[in-house]
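In the two complexes below, chain A is the common chain; its partner is chain B in one and chain C in the other.
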Partner chain A sequence: MIIVFCLGIESTAHTFSCSVVNEGGILSDVRSVYKASEGKGIHPREAAIHHADNSKKVLDTALNDARISIKDIDVIAYSKGPGLGPCLRVGAVIARALAVYYNKPLVPVNHAVAHLELGMMLTRANDPLALLISGGHCMILALSNNRWRVFGETLDITLGQLLDQFGREAGFASPCGAIIEELAERSHNYYTLPYSIKGNDVSYSGLLTAAKKALKSNRLEDICYSLQETAFSMLTEAVERALAFTEKRELLVVGGVAANKRLAYLLEQVCKLHDAKLFVVPTKFAGDCGAQIAWTGLLEYHAGISIKVEDATVIQSWRLDTVDIIWNRQTLLH
Partner chain B sequence: MQQIKVKVRLDLPYDLSNTITKALAADNINFPDGLSMDMMIDESLNIVFKCNDINKIKSMINTIDETLEHISMILDMLGEKNARS
Partner chain C sequence: MLIKRGAEAEIRLIDWYGKKAISKLRISKPYRNKILDESIRKHRTIHEAYMLHIAKNAGVSTPCIYFLDPINSEIIMEYIDGIIVKDMIDKDIELSREMGKIVGKLHKNDIIHGDLTTSNFLIKNDKLVLIDFGLSFKSKRIEDKAVDIRLVKEILSSAHVDIFEKALRLFLDGYNSVYEIDKILEKVKKIEMRGRYARVI
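For the complex of A and B:
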């Protein structure tokens, strides 16, 4: 097989990242993360300015780390969506400019699909039920007939949004998952919070409102503990039903919230009950990164996917269950 | 009807003008009614922003701001910011 070097550019939300991969794996992955001020959420335009200001440094470092020149890159992949418009446009403009100037093929990548593909590459999960949990996604998925099918998702806010919005109410800066996990470990006092599952979908907005309200008259550690236990139990219940229904023997967890050890423990217990193996994406690659775009771009390129520069638009709302998965990852993995 | 027109002229070599034009064109869609952006290359890269609705002048300012930021980023990315512009 001819070795193909793919540059991936990620810019859907707070992270601007570039990565170089080839069939042998990840050669570099460099990130610069926009930090909102404490108590505030991501401001799309400010995040985009951050990305633009840091783009050259990140790209140059990614190329240097991979010991490759931009002229030796074979294909350029970018996050087409879903994401924040101003942020997506920064990555797309860079990708289009490099593709035109250096005459390289351009590959559009769905950011959510890319989380799943990188997770499968890194863990070697083969045919998993997948749990995608981040600030932008909260979905239970399985691959069937060339598309990721949704077996459960949030009806309102995502798990990442729940943790971030609660954390900001408590005065922390996003992302807040790690500090909430740390505080939760200091308590075992459960404060009753709304537990809402509808069908196989979860609803977190009522839980968020109740947790914010409880914060005013209870210890922060107790509410962090109660919030995690409630939110994770809801999700674990939905995952267990999906495991039972699909009879999958693998569960893959990807996305920024995959780094949470308590959630991993609960999912591990469910997997044991259903004779399934748990695969959690390594923490380093759980959040948004260029490697997910580069790797998925490489898979797509080998499947013959590329687009003209004039067609390389961005789509802010691009559901992953509308993407045809026509590439064969096994040919690259073995 | 009042029209606000802003012209931006960048004296750049053709290869850079061509790269910028193509890199920006794909986002030049779904503009609000009354707002437009056109790019032409002659000896320079010319970008014309037009706004027919005084209530949309903030959108026009934001569009110009983002466009110039993207151009600056492209020139920086290609290592051409100080070399040729």
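For the complex of A and C:
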């Protein structure tokens, strides 16, 4: 097989990242992360300015780390969506410019699908039930008939949003997952919060409201602990239901929230109970990164997918279960 | 004999005074917070027994309860000697319509099942028996009924891809023949907009 070098550009939300991959794996992955101020959420336009300001440095470093010059790149992949419009557009503009100037094929990538593909590649999961937990996603999925099918999801906000919105109320800067986890470790006092599960689906909005309210008259540690226990137990139960229903023997966990140790522990226990093997994407590649885009772009390119520059737009709400998975990851993996 | 490890319970086939019966035991999950774990198991067990009974009164076929032990979170109930709709529906799509009629009947009586999957309908003598009422509750709210319908949609579109559209249509037909669906479907759309379709960070 000829070796193909793919440059991936990720810019859906907080992170601007570039990565170079080939069939042998990830050659480089460089990121710059926009930080919101304390108690504030991500501001799309500020994040986009951050991305634009840092793009040259990130791109140059990614190429340097991979010891390759842009001229020797074979394919350019970019995250087309879903994500924040202004952020997505920065990535698309850079991808288009490079593709035109250096005359390279351009491949659009769905950011959520890319989380799953990179997870499959790094963990070598084969036929998993997949849990995608990032800022914008909270879904339980499995592949069938060439699409990722949704077996469970949140009915309102995602787990990432729950943690961030609670954290902001407590005065932390988002993303807040890490600090909530740290505080939760210091407590074992469970304060009862609403536990809401519907089949394989969860609903977090009632929990968020109650946890914010409980902040006013309780120790912060106790509420962090109770919030995590409730939210994670709900998600774990939804996963357990989907595992029992689908009878899958593998669980793949991807997305930034996968880095939480308590959640990973709960999922590990559930897998044991159902004789399933747990695959958690390595923390380094759990969050948004160029490698997910580059790797998926490479898979797509081998399947003959590429678009004209004028069609290289962005789609802010591009559902992952509408993407046809027509590439063959097995042939690339071995 | 353990016949199935369900999502929250161990399902055993046992002998109950000379009769075959099912023991549904909600086992403790030591990895969960203890207070949460106990409250979930106890609450669901009591609730399931109660709602099985209410549904039966509404004319929906459900297993009879023989015994309830809230302390150990165990229910002993009638054994339904049949197979699950999940394993048959792809061959016999009309089962969808039957499921619809049953859910319509539940909703007409303001009973929300809360866990409508194709593995919770059993086929016995060509009739459907509905099980697993652990997440059930009484409600008149259209929102709650819509969440139930959405579950059916979700499971048909994920686990029964090849027949999804037709199966959903039959389900809704069956439902509508018992209980008016229009307002509920409108609400389903709204719920879908809220969740996966609305992608804001």
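Operating definition for what follows: the second predicted complex is superposed on the first by the 334 of 334 C-alpha atoms of A that agree within 3 Å, B and C clash if a C-alpha of one lies under 4 Å from a C-alpha of the other, contacts with A are read in each partner's own complex, and residues count from 1 in each chain.
Throughout what follows, contacts are C-beta pairs under 8 Å (C-beta built on N, C-alpha and C of every residue); 3 or more make two chains touch, one makes a residue touch a chain.
Everything quoted here is computed from the prediction, not taken from an experiment.
A.B. asks: Assess the superposed three-chain arrangement around chain A: do chain B and chain C clash, or do they fit?
C.D. replies: Overlaying the two structures gives chain B and chain C room side by side.
A.B. asks: First (chain B), second (chain C), both or neither: which does A:86 touch?
C.D. replies: After superposing on A, A:86 lies in contact with chain B but is clear of chain C.
A.B. asks: What is the contact status of A:313 with respect to chain B (first) and chain C (second): first, second, both, or neither?
C.D. replies: first
A.B. asks: So, does A:244 touch the first partner chain B, the second partner chain C, both, or neither?
C.D. replies: The answer is second: A:244 touches chain C but not chain B.
A.B. asks: Using the superposition on chain A described above, determine whether A:330 touches chain B (first), chain C (second), both, or neither.
C.D. replies: After superposing on A, A:330 lies clear of both chain B and chain C.
A.B. asks: Which of the two partners, first being chain B and second being chain C, lies in contact with A:217: first, second, both, or neither?
C.D. replies: The answer is neither, since A:217 touches no partner chain.
A.B. asks: Which partner does A:266 reach: the first (chain B), the second (chain C), both, or neither?
C.D. replies: In the superposed model, A:266 contacts chain C only, not chain B.
A.B. asks: If you count the residues of chain A that each partner touches, which comes out higher, chain B or chain C?
C.D. replies: C
A.B. asks: With both complexes overlaid on chain A, does A:155 touch chain B (first), chain C (second), both or neither?
C.D. replies: After superposition on chain A, A:155 lies in contact with chain C alone.
A.B. asks: In Å, how small is the closest CA gap from chain B to chain C once the two complexes are overlaid?
C.D. replies: Nearest C-alpha atoms of the two chains are 18 Å apart.
A.B. asks: State which residues of chain A lie in both footprints, the one left by chain B and the one left by chain C.
C.D. replies: Comparing the two interfaces on chain A, one with chain B and one with chain C, no residues are shared.
A.B. asks: Touching residues of chain C toward chain A in the complex: what are they?
C.D. replies: The contact residues of chain C facing chain A are 5-8, 29, 31-36, 39-40, 86, 114-117, 119, 135, 147, 150-151, 154-155, 157-159, 161-162, 191, 194-199, 201.
A.B. asks: Give the list of chain B residues in touch with chain A in this complex.
C.D. replies: Within the complex, chain B contacts chain A at residues 15, 18-20, 22-27, 29, 62, 66, 69-70, 72-74, 76-78.
A.B. asks: In the complex, go through chain A and note every residue touching chain B.
C.D. replies: On the chain A side, the touching residues are 45, 48-49, 52, 55-56, 59, 86, 89-90, 92-94, 96-98, 100-101, 309-314.
A.B. asks: Would you pull the chain A residues touching chain C in the complex into a rising list?
C.D. replies: It comes out as residues 13, 41-42, 82-84, 135-136, 139, 142, 144-145, 147, 149-156, 161, 190, 192, 195, 197-201, 229-230, 233, 236-237, 240-241, 243-246, 265-266, 269, 273-274, 316-319.
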